Amino acid sequence: MVSLRSSGPLAVGGPLTMHLGGAESNVAIGLARLGHRVAWVGRVSDDELGEFVLRHLRAEGVDTSGVRRDPDRPAGLMFLERRTEDVTRVQYHRAGSAGSALSVDDLRGPLAAGPRLLHLTGITPALSDAAHQAATWAAREAVASGTAVSLDVNYRARLWSREDARATLTPLAGYASVVIASADELDLVAEPGADEATAVAALLDRGVRTVLVKLGADGARAYTRDGVTHAPAVPVTAVDTVGAGDAFTAGYLSGQLDGLALVDRLHRAVTLGAFAVAGHGDWEGLPRRDELSLINGSAAGTTLR
Amino acid sequence: MVSLRSSGPLAVGGPLTMHLGGAESNVAIGLARLGHRVAWVGRVSDDELGEFVLRHLRAEGVDTSGVRRDPDRPAGLMFLERRTEDVTRVQYHRAGSAGSALSVDDLRGPLAAGPRLLHLTGITPALSDAAHQAATWAAREAVASGTAVSLDVNYRARLWSREDARATLTPLAGYASVVIASADELDLVAEPGADEATAVAALLDRGVRTVLVKLGADGARAYTRDGVTHAPAVPVTAVDTVGAGDAFTAGYLSGQLDGLALVDRLHRAVTLGAFAVAGHGDWEGLPRRDELSLINGSAAGTTLR
Amino acid sequence: MVSLRSSGPLAVGGPLTMHLGGAESNVAIGLARLGHRVAWVGRVSDDELGEFVLRHLRAEGVDTSGVRRDPDRPAGLMFLERRTEDVTRVQYHRAGSAGSALSVDDLRGPLAAGPRLLHLTGITPALSDAAHQAATWAAREAVASGTAVSLDVNYRARLWSREDARATLTPLAGYASVVIASADELDLVAEPGADEATAVAALLDRGVRTVLVKLGADGARAYTRDGVTHAPAVPVTAVDTVGAGDAFTAGYLSGQLDGLALVDRLHRAVTLGAFAVAGHGDWEGLPRRDELSLINGSAAGTTLR
Amino acid sequence: MVSLRSSGPLAVGGPLTMHLGGAESNVAIGLARLGHRVAWVGRVSDDELGEFVLRHLRAEGVDTSGVRRDPDRPAGLMFLERRTEDVTRVQYHRAGSAGSALSVDDLRGPLAAGPRLLHLTGITPALSDAAHQAATWAAREAVASGTAVSLDVNYRARLWSREDARATLTPLAGYASVVIASADELDLVAEPGADEATAVAALLDRGVRTVLVKLGADGARAYTRDGVTHAPAVPVTAVDTVGAGDAFTAGYLSGQLDGLALVDRLHRAVTLGAFAVAGHGDWEGLPRRDELSLINGSAAGTTLR
Amino acid sequence: MVSLRSSGPLAVGGPLTMHLGGAESNVAIGLARLGHRVAWVGRVSDDELGEFVLRHLRAEGVDTSGVRRDPDRPAGLMFLERRTEDVTRVQYHRAGSAGSALSVDDLRGPLAAGPRLLHLTGITPALSDAAHQAATWAAREAVASGTAVSLDVNYRARLWSREDARATLTPLAGYASVVIASADELDLVAEPGADEATAVAALLDRGVRTVLVKLGADGARAYTRDGVTHAPAVPVTAVDTVGAGDAFTAGYLSGQLDGLALVDRLHRAVTLGAFAVAGHGDWEGLPRRDELSLINGSAAGTTLR
Amino acid sequence: MVSLRSSGPLAVGGPLTMHLGGAESNVAIGLARLGHRVAWVGRVSDDELGEFVLRHLRAEGVDTSGVRRDPDRPAGLMFLERRTEDVTRVQYHRAGSAGSALSVDDLRGPLAAGPRLLHLTGITPALSDAAHQAATWAAREAVASGTAVSLDVNYRARLWSREDARATLTPLAGYASVVIASADELDLVAEPGADEATAVAALLDRGVRTVLVKLGADGARAYTRDGVTHAPAVPVTAVDTVGAGDAFTAGYLSGQLDGLALVDRLHRAVTLGAFAVAGHGDWEGLPRRDELSLINGSAAGTTLR
């Protein structure tokens, strides 16, 4: 998806900057920067905007060999407007886009390669029936072949209602070993109105191994059958919160792939979240492995010479 | 429609500038800058991009009171890529846009106000069946109530085939007193493959009073029952050819509204075309009435102090 | 007036951005964005900079039909320099400008249209004797014909001394039903050195119905014969305080035109002030009516998807 | 003077870039870049814009120790609008500016230093009576003390009429040993309507040693009592003609100060003119002495590695 | 190598844009865009600038798995200054750079992979003794193992003298099956002062199969034992000649890899050269395979809708 | 030195802005802006980048007549990357630069002029043996001829180890009457690991008159034989900490040159530091003398009209 960002009110106009956008690609880049081998799979338009998307994924070292070009559908777009210093509004032009036409066939090859992990978000099934089916098929297939599944709820109010989301995502969560959600998204993978404890318990009961609850400036909680672990956020000067959740997810999954203990996974997760909010762009500021120590709760305003 | 312009290859990225785009709004602005009272009618999205469109029309003094806001559909978009210094590529995201949902009802009120002139382009009917019907209805209604109709063929290969265009535009041309086309568009309002003379003759036979053939750097020809008049292009340094045809049309219609003789209408038409190509943007460089004399075939590289 | 903004020290140079500036036009835009019918009246230069001013007013839906173009005088200019992150300096080039030549005749027509409200600022009378007379004439005429008058003191030290301002504005305040001032401006419409209570009492005694005291980050107080009401500021991340007072005024007057209770007028006033300081530019970030709820004291750093 | 440049129509807005502007400072910089010792004398505002002017002059190595800061008057401004690719419009805000208040006293000290050459333009006397008197006094004083005087006619239609210019500049030319004019300026230092031959003859009769006629793309002619010399323009791709005349003058005067033969002075003059038109800005592209050979009539499109 | 471009004189300052630069990477990108599998081999600094280089190569689909990161040496830099519209100056900061430390060991692995073609330029051996030895070793090794070698002379006066270049490049040319040179570079791979015919004959005698002579706006000549073929340049509006030679080389080699006839290779070569000069940047404007037809000698100023 | 700044991660690319950089030039500009006569001495490359450096120094009124141009060495460069909002990384390209070749001979002339003060930093001796010798020679010579010496430790970890720095700077400090250091730099001019009290005592014992310890947001301490004085930092909104230490030094030295009491020197020092952190750029925001009162601990967010 191409993200078009304005630095002020869209109605007034002004230059837009083009970025690669998308929760899944953010996670993929977060992992690739940390040195993991990662592929992004999906459909992109067979035009210049699609080329733009691929150029960025390749630049970041994400494997795009499984991407399918769609000659008939345009690129998905996202307008990201900084309406005030504190309020960012997102507007999607994704109906009928190449990405929304994702199908089971598009995922067959990449899954057959047998990845260790399949990461899904709640955005894909919101795009179309085909995409919904593809996501569900992939989750089931992954589990069947021993690939772990992670699911970030990523609820987008502009794409569907909470009811539709719940009806779709709750079954999907059943395939996941890791479920990631913000506090107000938890009941989208549980009973309507369920509080955190109830929702988490239900998920763990259904076989989810870890439930991660993102708390923004308050850090995150990780629930397992063994209990709950809390990690405070790493304090930084926040300039752009977009992408922070995806960065968090990438950090957690990176720790999981590295075989870290839960507390260390969580720390990497909040550290990546900190990088995301301390830099401009969805993913541009994410760290390489040797940069992880740049942000560690230490002093603000550092100049390294 | 919102036009998003890149100054280089889209695939490489870089800032996009936002502009008001659209053949009809270009013509409306061209007329308004010359002091004519002009309204633009259509549907725009009920969001920030729609607001952007309206802000620009209002800024230029175009009456937007008849515009309908569509709460359910997104703004139409156009990506305008300068692929090389000589090659500009246009890509539309208009399927399902607010503008494509134009309906007869949207036009009823504005037409009832009894304008002297109704300007249509061949783009509107290409957008959807509803828009096609609306345009045809408006042309018929206008003729019935004594409003003159002008039609610019404006063929867009990205929107429909030549065959479809011809089947739609040829009947529409029958309502027009002025038909404007580039040389290779003429047979879209006549028999397939008709040469210029044949196509023009057929149009005049069907009651069109004036047929204008745009020739780019070679100027333009105007055909009436009295014969043909040629106006050479006004020589300027061309920096951006987008919008030149619309400027030409605005110049001609301005002359007609002012009651000028044919040759003077043509001269104003090519003068406005020259302003359009000598300035950046689709319409930004169009002249106010007191600026018409800035371009008159005189010396290039003038500094007025 | 054209406002030329630098993002750093002017002496070092760098690009300037052009904006429409002026306390009265800020208020007019604030009202128009909220859906009120509003006209801006004044003189603008009959050149490109004057055209720039009119384009922005029209874009915002402000009626400019009563504006007079002055062929002999240049546009007024304001250089706005961000000297440090916290210190913004303003420098005027208004002596001899078109705006400074405002005359009684310029205001005759617009006032004859019988608006519900006439908003004046203390800047206009500072520009020239003619402008002073025009403002006074308009206030008197408005009162005589039943049009309410609001006056924002808006003291500008670069334009005149406190003594001159007091001598002019104190009588002018007598025509107003609403007087708006910051705390340190109150004694410019009262006795020199008068404290807030004394100054307010004197104004209310002279027939002013409401006295609004702007307190910046501390919100505002509204005094009537019934007592005093305080509204705290709406907390936002401030990026640009320029225009906040005008936004406050527009919010208050909007509430008054809507027939809101005093406390609700005040709330709208501080809300508009919050929009102004949370966005860049004097007026660019002001809300449309459906955007008022975006800022309501809730969480910072929100992304709406 | 501060020059504010827009890259498109001013009425549409967009960023302005700040530049040092002014015919005399252009000449001063042209000479300083070539290694000559040169001072610029005048009044500049005692504010940030004045500081901007001085920073640029100092950066270029022009002596500013004789400049007087005026605490009471604003900086002179020039808006430079690229209206179309070929038409640049200039608009002055110089009435009442610091520069327009130039007085005899301002020039006394610098002239007492006994420079080899005093360069004057026809712009200074157009600014005010005081400036007119100062220029005339300086020319007379210079001649009296053996300092050569050069005068560039530099007629500015926005500042005064041809009649006023002629009445002022014709006597001034009598003090000059070098007079520089474009072809259509010649009769501003001679009888009204005088043709080139007549005007030149009259100037030479009055004691002017050299009359330079700037012909733009056709180069230049130099007249002395010994006859006429023509130098063709140096062919370059022109991107910005502003400042070309001043560059020409600087080149000629540099050659004179270096003791070059007339033909070599002319060649340096047209070479500097070529640098000015081949680069953006009034003076930014002017060459240092070791760069003179970069432009010499040779091939376009050269990359030096 | 990181290329830092200014759009005007460096001494005046202004923003620099960062680009991937280097003759070899230009050729690699040209080939990759046309769909060929291509790897770029070299040393890049183990810092952010090195990362920048790799990101661009990967974005373009160039294999970077054989690149070696050098922790001890900085990135090579190139300042590219547009001194006038026609004169571009290049300044290198490559002494001691990572790239200059290229060694035989760095090339061993990549060559062992058995590519069909090894492309070398005359720049690499100019950087250091080690790089010289590495290039020579690679050429010899390639020939020994049946990999064809192409050599672009690419003389850089800022790096070494013509004498040194000749002494190094003449033996190197003996390994090449294709030698590419501009007309004034030919005698750097032949006897000093040799004219084109003599130099070409000597190269063909030494076993070079094809000698390509780049003629800029005049196209190119290709010499083989069978005679000479000339291809005219494809006419386009030139905006940036940097990289044109590398584009030409990429086009030729692409044709060779595709098994095209000589005349068709040459046509592709001049077509890629046309793309390079018609777009900004060294390689940004190079075509994908489906874009080759965008430039074909047809009309300038085309808008494709 | 030329400082190239990116506003985000260097690896992602984007425009770089060119600035004059260097601790000594920052101090020189700080002093010149406050009206002191100051010369900067060093070597700069004899190319466009060197010219850029000199243009900025001259613009700021710093005497550059003693600067030596080096035709054989490139300009020193510094890449300044804003990696996150809080973390700025600096990368030097100074090995082999013109500045690193500073020699005793370069300093002979300027020192012979008998300045009141010689300011040295710990960066110069880190650049090369020659520069080390030059700095030491200059310090000794200054003391011998009655010129006071100030030394700012300015430790740069990218240039040398703490051990090497200590070995060089400790003897150098012996020549200084003022030594400036941040708290963690103090033991670089004392015994390894010495705490603040010990290090300061040792310096005072060796004859240093004043030891200034920079504490960032906590202000600064000044030690003399009479005891210690603390000055809190002046509270401002910090946007760019680069150059703050140099500004502090310039403020202190300015106070010393003005004959202020220690406490007033310190106050000026922290005031200049506040200007540096409240503005963008290393030195661009430093105050002129009449601007010192703009920052005085008063309210943030001030607009001066």
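A, B, C, D, E and F are the chain letters, set down in written order, and residue numbers restart from 1 in every chain.
Methods note: contacts are C-beta pairs under 8 Å (C-beta built on N, C-alpha and C of every residue); 3 or more make two chains touch, one makes a residue touch a chain.
Treat the numbers as computed from the prediction; the structure is a model and nothing was measured.
Engineer: Could you run down the chains that neighbour chain A and chain D together?
Structural biologist: Chains touching both chain A and chain D: B, C, E, F.
Engineer: Chains in contact with chain B and with chain C: which ones?
Structural biologist: Under the touch definition, chain B and chain C have A, D as mutual neighbours.
Engineer: Between chain B and chain F, what's the gap in Å when you average each chain's C-alpha atoms?
Structural biologist: Taking the mean C-alpha position of each chain, the two centres sit 62 Å apart.
Engineer: Centre to centre, by mean C-alpha position, how many angstrom separate chain A and chain F?
Structural biologist: Averaging C-alpha atoms per chain gives centres 45 Å apart.
Engineer: Which residue numbers or ranges of chain A touch two or more of the other chains?
Structural biologist: In chain A, 9, 12, 51, 55-56, 89, 238 touch at least two other chains.
Engineer: Pairs of chains that touch, anyone?
Structural biologist: Every pair of chains in contact is listed here: A-B, A-C, A-E, A-F, B-C, B-D, B-E, C-D, C-F, D-E, D-F, E-F.
Engineer: Which stretch or stretches of chain D touch chain B in the complex?
Structural biologist: Going by the criterion above, the answer is residues 7-9, 12, 83-90, 156-158, 216, 238, 241-242.
Engineer: Okay, in this complex, where on chain A does chain E touch?
Structural biologist: On the chain A side, the touching residues are 51, 55-56, 58-61, 288.
Engineer: Name, in rising order, each residue of chain F that touches chain E in their complex.
Structural biologist: Against chain E, chain F makes touches at 4, 6, 9-18, 47-49, 51-52, 55-56, 74, 77, 79, 81, 89, 91, 93, 95-96.
Engineer: Give every residue of chain D touching chain E within the complex, in rising order.
Structural biologist: These residues of chain D touch chain E: 236-239, 275, 278-281, 284-285, 291, 294-295, 300-305.
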